[in-house]
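A, B, C and D label the chains in the order they appear, each numbered from 1.
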Amino acid sequence: MKRLAAHPLVWPCVTLVLLVLLDLSHNPAFLSISVLDGHLFGAPIDILNRAAPLVLVSLGMTLVIATRGIDISVGAVVAIAGAAAASILAADPSQVGMAIAAALAAGLLAGMWNGLLVAIVGMQPIIATLILMVAGRGVAQLLTGGQIIPIGARDYLFLGGGYLALIPCSMWIAAAAIAVTTLLMNRTALGLFIRAIGINPVATRLAGLRSSAIVFGVYTFSGLTAAIAGILASSNVRSADGNNAGLLLELDAILAVTLGGTSLLGGRFSLAGTVLGALIIQTLTYTTYSIGVPPEATLVVKAAVVLMVSVIQSASARAFIARQVRRAFPVAAKRTLTEGAQ
Amino acid sequence: MNKLIDPRTLPIVVTIALFAALLAFGSVMYTGFFSLQVFAGLLIDNAFLLIVAIGMTFVIVSGGIDLSVGSVVALTTILCALFTERFHWPVWIILPLVLAFGALYGAAMGALIHFFRLQPFIVTLAGMFLARGACFLITTQSITISNPTFRALSAFHLDLGGASLTTGALVAIAVLAAAVFVAHYTRFGRNVYAIGGNERSAVLMGLPVARTKVGVYALSGFCSALGGVVFTLYVLSGYGLQGQGMELDAIAATVIGGTLLTGGVGYVVGTLFGVGILGTIQTLITFDGTLSSWWTRIVIGALLCAFCLLQRLIERHAGRRRSNGTMTGERAGAKRPRRAPLSTDVENNAAESLTPKEST
Amino acid sequence: MSGAALLETIGLSKTFPGVKALNAVDFRLFPGEIHTLMGQNGAGKSTLINLLTGVHEHDAGEIRLAGKPVSFATPLEAEAAGIRTLYQEVNLCTNLSVAENVFAGRHPKRRGAIDWKTIHARAEAALAELNVSLDVTKSLDTYPIAVQQMVAIARAVSVDARVLILDEPTSSLDDGEVARLFTVLRKLKQSGIAILFVTHFLEQTYAISDRITIMRNGEREGEYLAKDLPVELLVAKMVGHERMTERLKRAESEQPAEKSAVPPFLEMHGVGRRGLMNPVDIDVQPGQILGLAGLLGSGRTETARLLFGAERPDAGTMTVGGKETRLRSPRDAVRHGIGYCPEDRKKEGIIADLSIRENIILALQARRGWWRPIRRAKQREMADDCIKQLGIKARDAEQPIGLLSGGNQQKALLARWLMIQPKMLILDEPTRGIDIGAKFEIMDRMLALCAKGLGILFISSEVSEVVRVSHRIAVLRDRRKVAEVAGNEASEDQVYRLIAGEQR
Amino acid sequence: DEKKITLGFAQVGAESAWRTANTVSVKSAAQQAGINLKFSDAQQKQENQIKAIRSYIAQKVDVIAFSPVVETGWEPILIEAKNAKIPVILTDRNIDVKDKSLYVTMIGSDFLEEGRRGGKWLEDHYKNDPGPINIVELQGTVGSAPANDRRAGLLEVIKNDPKFKVIASQSGDFTLAGGKQVMEAFAKTYGKQINVVYAHNDDMALGAIQAMEEAGMKPGKDITVVSFDATKGGFEAMVAGKINVDVECSPLLGPQLMSAVKDVVAGKPLPKRIVTEETIFPMSVAAQTLPQRKY
């Protein structure tokens, strides 16, 4: 039991379960999934479906954060990717392959640019990516001409809105991305290298690692995942919006990473934790909508949940609370003492 | 000259030089740019940002980050407006009250961060949501302030001949001076640097880490509230959507001013120029007046990029010459500390006769 | 020892997850004495100190200061009670200036503001007492670890205290500096301060201590008056058996094997870098140890870093295995089979949060590239092997390396390089903070590897050690090479004179 | 005289298609009218607009115009403009100042009135229905003027009629994605109870339509959709029968602004309020009006 409590993923799981319970108490049919028009339908599917872009972006963000960096340009990259795809599709709706390639290329390029500034030039990551965060949105708007470009290409819409074997396509894509990333991190030495760089870059370099190449790669990867997220997002809403697509997504992604137990100081990271974190955020958003929290109060609710999650995740906070409880109920204190003596 | 390229002051010297270059560029390019009024305007329009960024500088130097500043600014404007318009409290009660509130709010976040070992990012992000949410819970409307004292404070101008400074700008100057003093001439300030350098060492050196860390966030909360008051005077109203994204501006200004996000290194004065640079970029763009919305963003990004690139390259080049080249081939974060030059040599060994001297 | 103990522990115990670090330790420290704590790596010396000063909480037992039970929650409280501590590994803020590191937390003030002038003057004075003169306004990270250690000492001794605790303050100092430190400590002792001192150097122990407490495996082995404890017995009690004594004797007469005339593995011709290191010529031959001798700041570390590609040279040529090569980065060097144990272990060596296993295989994995991972089971096997062979005291291979005692970290770093089956090793102060038992083990291993054809560049502050093990010795002074002497013909005296710059 | 008039225009930003259309209209009208336009984008921040206005004062432009981000907080800067003797024209949104002489005129729409129009249409539409009529509201950005006023307008109208009830209200931030996400949750939670979707702009309405369709509902038929702005996208949805009514809020203020600017410079008196011609488009007229829509 104690072992279980010490596992870092337990607390995010507990949070998620609590949120779902809250939803259930409000709407007993919350977890029910039915089949509609040949696909699964229901609140959990919505949440997973909607969380897909966030999960994708957070995967890249996790690796970036693990190297002690940060990438605040992901929201802009999401917009650029969507805009790039849409502007190609607007010219010729049959060029779906081209559109996807263009979106991915845009994301790769953006990621490489960040990687260049951080790993090669040596700028501080937050500033390096701030540049793209500001300019990137401009680029996205330049591509869309400040308009919302509707997307009609069926095959493209399938990616973010279609279903494959009952399950939303975007969930497949997110699952594939998770699988690939996990494989890369666990089945190759990349995970080790990334953690080493995050913990002690100087020592890592002296151990013969080419840290700059790895850091560069990590930012590129982040750009790529953001681009995939951009494709999903634009496909899901059947349009590309240079200004609003992915707005503030970077904050949510960083939040997902930290809720999952990865430290912003770099080093150890947990991809599973990140996915859980993203699900928590999405479930929370959904919950505030479905239990009828007034819009003025959503932020307060979000703040409370975020604080609660992080407090119960913190070992010192739990110890503190336990101490307070013991002080308040001296009987309990005695019991723990005798337990300790045995 | 030697002093100028001391590795510790180098970033700030470079920043100032580039700032001057930026101003010169504007003056050459646009008529009317080179005037006292424009420069004073730079300070007036960015007074609140400067105050907030100064608080942020302390937080970042201590190795943390504070995302709540923008929404605390908004909350302060709302509180000021609410107290004066709905409750008709006098200004001299409202101001200390909101400032104390800001400091407490920051201190509470600091306490969570330190005692529960939570990540500053998360705690202050929650603080940001909470303060913004509190604004909306109070009111979603904007409230105009008609209180005469507020109006008088807002209308006050100190004439400088050809230009004038507002109350806000004067407050910002005062805060800057106070912050420089705190950072360099008080134990609190020095402890902030020590903690940012190495928190564990600071604990082992017997420094009051808990007090300092909570204090840093309290200071930032206070600065945000003060920035909020200045903002209230700037617009004479309270509104919950104010100051969105200000945290990012403040962080950017701080970092551009040479403060390292990893903590322990930075100067308050640098932040002044960081704010100045962001402000100047914006002023340049309004003077230009031909850019579309998206080109505005792209140009801001490009200027920022050009600036930071130059900053990096000059620093690196000078740093290489000066610091014995230890930085070559080493990337950011992988920096080995620059070593002292030969000149500061060792007075060696117990026996005086063994002192090394150049033979030949 | 007359009177009551100033600082006392009774039955002090501490368990870290999986490790019983201290087990019911009784310890006494009297005013006006210098008391040395001795024991092997991981014996629990630092843990005892950490409990005394409130870094960690103890599980059981009691600490008494001047007869009264105390319990410090933080080092700050211990300091307030008059206990000054210099912890193992330099724990200073390297981003602050030297002077500030000496005075942090107790800056003198004038009219409410910190008085920088006084601070600088007094810091200079404090360092001068240790015979060090530096630019105290420079930030600490511009100085090498040895200088940082002197600054830490200056900080510790420059304030009035009742108890002074020094955990391995001499691990990277050379003889002259140690002598100066001892002068200062004796003076403090005269004034009635109780001094607790930790070292692995036997000579130092006997040179300074009044009393010795020996720790073994987290327990107190015994407390002795220094003058009553012969060195053989001390070693035997520390290690727990007698074997080491013979080894100790053998060390005195150790001589490296004859120099053979094989082509050098690595040659540097006039390699240097402006402002960092004047051009040097150095060659390392397979199967030989090349010692680098010199004072602090003479450029030994710089030479090593140039050689390893950690710094890019701007002059000269280098040949590796007979072919002209440029080492642009440590990665290139590692590819050529060169390994480097840096002197600043905490900052440049270990990756604290990674496990011992991961730290050990890192270099090998880096050389193989990310796409050819070593199987987990294989990694485990390799790590367990190293742990056994080098006698690393750890719970298991999955323990984070940062939790090991200092000496054991050093062993793990050595293991990292042995993994790549190097052709050449650069060892910058490899025996820093290592107990004598382990030191001999490491030396033996080095010599054994050498016999199998490994070339070693060996840097140490202990000239006697350098002279003892090296086949040849290059002497550096003022960042240039001033002489090269053969190891067997070199008397210690001669090297000392060369180092110091006397003409031959 | 022949000297070109210089107009400094401080735009809110480019946060929506509506806003972009507004910008385009201002720019092209200025070009046609031969007015030298200094344009700045405030990226939705009041302080940026104030900075821009201050720099226009420093540049000594002839007229300053801006679309206020928020109603309050303009007095200090407008006093500066007044002291510099530069006339100010407001577009799109009104401001809250005591001293009305701080600006010359205000050109633009009235969000409150728009809200009322939407409400009245609903009343009319359901006049034979005994109810209850359940409304879900997709609000704009919390705290923004259009969101506040379009909500207030609706509530004002329906408060007298107990059969109307707003059962859920949530912010979709004026974006398509936001509207879709909120509506997805509403569709699952309230399902068939929903009679009306009241979306504060077309983007959110379009998002909500997608969500409803994916949930198997028929927007425009099972559920009445009320929307605002009457953009091209909204019209297309109306033609397709998915939006029942779209309340116009015209962004094409450029020509009116330019003529006002010329009048101000020529010293002609202007009314304090120039209301733009705006109507409301029910689904029935959509098809024939669509070709004439310019934004």
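Observations on the structure shown:
As a convention for this text, a residue touches a chain if its C-beta (ideal position, glycine included) is under 8 Å from a C-beta of that chain, and two chains touch if they have at least 3 such contacts.
For clarity, every value in this text was computed on a predicted model and none was experimentally measured.
Contact with both chain B and chain D is made by A.
The minimal number of chain-to-chain contact steps leading from chain C to chain D is 2. By number of C-beta pairs in contact, A-B leads over the other of A-D and A-B. If each chain is reduced to the centroid of its CA atoms, chain A and chain D end up 33 Å from each other. In terms of their C-alpha centroids, the spacing between chain A and chain B amounts to 29 Å. Averaged C-alpha coordinates put the centre of chain A at 44 Å from the centre of chain C. Between chain B and chain C the centroid-to-centroid distance comes to 40 Å (mean Cα coordinates, whole Å). In chain A, the positions touching at least two other chains are 141, 146, 202, 204-205, 295-296, 298. In chain B, 136, 140, 292-294, 296-297, 336 are the positions where the chain touches two or more neighbouring chains simultaneously. Among the residues of chain C, those in touch with two or more other chains are 310, 329, 348.
Contact between chains, using the touch rule, shows up for A-B, A-C, A-D, B-C, B-D.
If you check the complex, the residues on chain A that touch chain B are 68, 72, 117-128, 130-132, 134-142, 146, 201-202, 204-205, 211-212, 215, 242, 251, 254-255, 258-259, 263-264, 295-304, 306-307, 310-311, 314-317, 320. Residues of chain A that touch chain D in their complex: 27, 36-37, 41-43, 46, 50, 141, 145-148, 150, 161, 233, 236-239, 241, 243-245, 247, 285-286, 288-290, 292, 294-296, 298.
If you check the complex, the residues on chain B that touch chain D are 32, 35, 37-38, 41, 44-45, 48, 135-136, 140-144, 146, 154-155, 231, 233-242, 244-245, 279, 282-283, 285-287, 289-294, 296-297. Remark: chain C residues 308, 310, 329-331, 333-335, 340, 342, 347-354, 358, 362-363, 365-374, 416 touch chain A in the complex. The part of chain B that touches chain C in the complex is made up of residues 7-8, 181, 184-187, 190-191, 193-194, 196-198, 200-209, 264-265, 321, 324-326, 328-329, 336-342, 344-351, 353-359.
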